[in-house]
Structures are given as C-alpha cells and as structure tokens.
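Below, chain A partners chain B and then partners chain C, in two separate complexes.
Showing the complex of A and B:
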C-alpha cells in the first residue's frame, strides 16, 4: 500500500526550513519528528588521545567540547560505526578553535570553524588526536543532526462576523502558519489558499483582520514542520533520511511478520 | 570557564557567536543592546539566548593558579 503526500515549503535555507505536509496522521508526523532527532546518524568525536594538554581544562572537558562540535556528514559514503580521525595542535598564547581541527578525510570536518575550544595562555599547548564515529542521536545527543525539530497543525482562520462596536481591542495571538480563507477581509495582497507565516503580521490576528470576529480551526491531517540542523547535514537530507529510516523499519517489520 | 559549545536545552550551537557577542556588548567602547545583537546573530530562542547573556569567561581568572 502506498500513498502520496503533498509537501510544500514555506521557508527554506540550508540549515533551517519550514514545510507543510498534507495527508499524514498525527502519529506519522510525530514519527517523522522523532526519526529526525534520533535516527539520522551524524559524525561526532567519541574518543580522544591526549598527547599534550597543559591548558586550564581537564582532558575530559576538552573531550566533551570536541564531541559537541558538529562535523559535516556525507551519508552516502559512510555507514553507522565508521570512524574518521581528526587532530588538533595549537600552542598558546592563542585560542584553539574548531576550525583548527585537521581531518584525515575531506568529507568529514567541522561544520563551524569559529567555536572556541579552549583559550591557551603563554606556554600552554593542546595536542589531541580524536576519533569521530558515525552514530545515531538515540545513542548520544551529540549525534543528533536535528535541532529543535517540531510541528504544528496548519491553521485556518474563519471570519464569522464583525466585532461589536464597543468591544475591547484585545490582541489575538496565533503562532505558526495559516492557510488564507478570508482574503477579502485582508488589507493588501492576499489570495485564498496562501500559506502565511503569522510572523508576517506580528502573530496578531487583529492586525490582519481588523474589527472582525474570528474563529481558528486546525486543518485536519496537515502539519507544518519546523526543522533546524546543527550543520552536519542539510535540512533536506535530514528529512529524507528520517523518512527513509521509517520506511526501512516498516519494511523490516513487514518481512518479519510474513508467513 | 569557556562558553558552552551548545545550548543546554535545545542543542543549537551557540559558541560560534560568543566572540562577536562579547566584543559588541561587553568590550566595545559603546556597548550595544544584547537583545539587538542576539537578534542580528540569529540566536532566536530564549534557551539559546540565556547561554550567551549569562556567560562569563573565567580562563583568565583561573590561569594564574594552574
């Protein structure tokens, strides 16, 4: 049984995206969210061999900081469990940055170059060899590719009438994305069916539909995802890999229960 | 001691913005409003913002006792 889903991007950049998916159940939406957090593997430093550390921090603290640095991950060329060695060698007085990490594989390297690891004073030195391993977010949070992944129902605002003449001008705050249904009541350009981010009107419905009595409803089975990545993968890659992981587990289950 | 690499709550990498944040809000001759600087750096959520706002570098203070 296959089913088509409709996906539409509302906002999109390399590390952050907002997209609408229609035709999925709440359970499936949550499945995607969980897969994006816990099931898409990324590289992260896991073991360090300290050759010299005369900084003010302990070896373990340096190891922790290196582990949290996001590393670019190419999932076509690596499998879970693969290791890549990185090294860092900085002498004070200088700050050691994530960009000082030298990788043995050009596909794997720090996603951000200016994360301070440790501030080294005169005469201090840090020389470390670090093994990065590809693993999943459910093993350790440092392997999570997705950051603050969430979703909301797509919402529909209905104009049910005019506000009474002497009613209070209270704000009507709504966050997320609305599907325009009452374009004729909006000042300026608007068409029915437009997807509008509530930030565009300051998340205050009274600014978009002044003087109207409103009702807000969720659109059934339509979810707006908001996803960010730490830089190890693009949002697109993260989402596709998450869906792939759900599919492969579903296939596995089907095969397992077949007679 | 050093600024945390990631936000404790959401896991967003915040350390990459620390040096610019520090330079503009604390070390500049005319310090800017931290709220404005964080907005410009793209540190949106309040969990990530507190990581930078509440941080103090202690390496210089600890270093003499090494």
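Showing the complex of A and C:
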C-alpha cells in the first residue's frame, strides 16, 4: 500500500520555511522532526590549535565561540567524521568576525560573516587553526542543522453561529495555519481551502470572523512543519536528509532481520 | 545495526535494537501497527538512571498465520516506503 502524502509550502525563504504535509501519521511526523534536529550532520569547529591568542579571553572560550559558528555543509561530498581545516588571523584594534575565517575547502565556510568572535584591542592578536568536523546534533548541539524545528496540526475554523448580542468581545488567539472553511464570513479576499497563516489576522480569530461563534478543530494527519536552519543547509536539504536517515535505518534493520 | 533477540516465538518477537532512539523506534512502531497481521507492537526504552537497559527493546505480536520476524521485515519495508513517498511528495512541492 502506498502512502498518499501531499506537501504544500506555505512560506519559504533561504533558511526558514513552513510546509504542510497531509496524510502523515503523528509518529512519522515526529520522527522527521527529531531527525531534522539530531540526525542531519553539519560541520562545526571541533579542535583548535592556537598559534597566538593575546586577546582577553582564554583559548577555550575562543574555541567554544568558533565551534558555534555555523559552517556551510555540502552533504553530497562529505561524510560523518570528515574534517576541514579553517584558519583565522586578526590583529587589533579590530573585531574578529566569523567572516575572517579562511577555509581550506570552498564548500565549507562560515554561513554568516558577521558573527563577532572577539573584540581585539591595540596590540592584541588572534591566530588560530581550527579543524571542523562533520557530525550530528546528537553528539553536540553545535552540529544541529535545524535550530527551530516543530510542527502543529493544520486547523479548521468552523462558524457555528452568531455571537450573542451582549457577549464580551474577548480575543480568540490562535497560532499556526488554518485551512479556510468559512470564506463567506471573511471580509475581503478569501476562498475555501486557502491556507492562511494566523499572523495575517494578528492571530486573533475575532478579527477574521467578527461577531461569530467559532469552533476550532485539528485536521487529522495534516501537520504544518515550521523549520529554521542555521544556514549550514537549506530547509529542503535538511528535511530530505532527515527522511533519508530514517529510511537508511529501516533499510539496515531489514538487512539485519533477513540474516 | 546490532540486533539481540531476547525472546522469539512463532507469533511473538522481543528484540533489542542497539544504537537506536525514539526517532526511529516510534516511526517503526507506528508502521508496524499499520501492517497487516500485527496485533501488537511496542517498544520500551529505559533511561540509564533507572538501571534498565539503554537500548530500545521492540516487542511485536502477530496473528497466528503470520511470522513475527516477517512482520518486522514488512514493518521496516513500510518505513522505507513512507520515506520514499514523502521524498516524492516533498520534491513535487519544492
């Protein structure tokens, strides 16, 4: 039996996306979410060789900061455990930024150039060689590609009647994405079946359906993923790699069972 | 992936799957429950501090005419199928 998944992007940019998946079980959705956080490897500085550090911070502190700089990762060309060396050499008075890191491999480099490492005063200097290693978020949070990954049920708002004349006009806050089912009650442009981010109406249902009595229902097996990456991978890559990691484990299990 | 069989009968299988966590086990359990002939599927994972095992133990029970090991294989197949279908749907949207 094949699964009928349906994917639709609600919002999409370089590092952040919201996409709706229909027909997915909660177990599988959560598996994907967990894999996106902990199982998709990214490069991070893991070992540093300090040549000169006359800054006000200890070598270890510099090492930690370098480790937290997201590095672009091309998973087609590297596998877990691979190392790439980067170096940084900055003399004060100047601030050392992540953009000052020079990589030995053009595929691996800082995802952002403007992360401050340390402010160097006159006469201070930082020269470090750093080995970045490809590993998983399970090993250390610095290897997490997905920094904010979650999902919510797709929601459906039902208009069940009018509000009583003397009822309080309290706000009705709802977050996430709704699937329009009552377009005729909405001021302005709306069609049934539209996917609407609640931010569009200030996350307040009374602004979209003024004076109406409402009921909100979760749509079964329809989840809206919201994923943000640290820049080392795109959201698409992160998602596909996460699914792939689950698949490869199932493959491994099947082979092990067959023996 | 290291497997250690704890108990095995024709329609019941209890197996330790080394190195896995909730990420994969819950997906597998979910897939097993959707598989024909499987009457029960669960996994148990104790935190290290409780003095239990740390690797998850999967338990599957099946109908009389279904071999538990075959069912596990079918469950793994189903996970792969799900992954492939998700990939296809995601690629179509992306």
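Note that the second predicted complex is superposed on the first by the 255 of 259 C-alpha atoms of A that agree within 3 Å, B and C clash if a C-alpha of one lies under 4 Å from a C-alpha of the other, contacts with A are read in each partner's own complex, and residues count from 1 in each chain.
Note that in this section a residue touches a chain if its C-beta (ideal position, glycine included) is under 8 Å from a C-beta of that chain, and two chains touch if they have at least 3 such contacts.
Only a predicted model underlies this, so the values are computations on that prediction, with no experimental measurement involved.
With both complexes brought onto chain A, simultaneous placement of chain B and chain C is permitted, the two fitting side by side without a clash.
Rounded to the nearest 10, the angle made at the CA centre of chain A by the CA centres of chain B and chain C in the overlaid structures is 140 degrees. When chain B and chain C are set side by side, the one touching more residues of chain A is C. Looking at the shared chain after the overlay, A:35 reaches chain C, while chain B stays out of its contact range. When the two structures are aligned on the shared chain, A:47 is found in touch with neither chain B nor chain C.
Of the two partner chains placed around the shared chain by superposition, chain C is the only one that A:251 touches, whereas chain B remains out of contact.
Of the two partner chains placed around the shared chain by superposition, neither chain B nor chain C is touched by A:13. In the superposition on chain A, contact of A:57 is made with chain B only, not with chain C. Looking at the shared chain after the overlay, A:144 reaches chain B, while chain C stays out of its contact range.
In the superposed model, A:121 makes contact with chain B only, not with chain C.
Fitting both structures onto chain A leaves chain B and chain C with a minimum C-alpha separation of 20 Å.
In the complex of the two chains, the chain C residues touching chain A come out as 1-3, 17, 20, 22-24, 26-31, 34, 69, 72-73, 76-77, 79-94.
Residues 1-3, 5-6, 10-13, 15-16, 18-19, 45, 57, 59-60, 62-63, 66 of chain B are the ones touching chain A in the complex.
Interface residues of chain A facing chain C in the complex, by the touch rule stated above, are 2-9, 19, 21, 24-28, 30-32, 34-35, 38-39, 236, 239-240, 243-244, 246-247, 249-258.
Chain A meets chain B in the complex at residues 56-57, 61, 65, 68-70, 112, 114-119, 121, 141, 144, 147-148, 228, 230-231.
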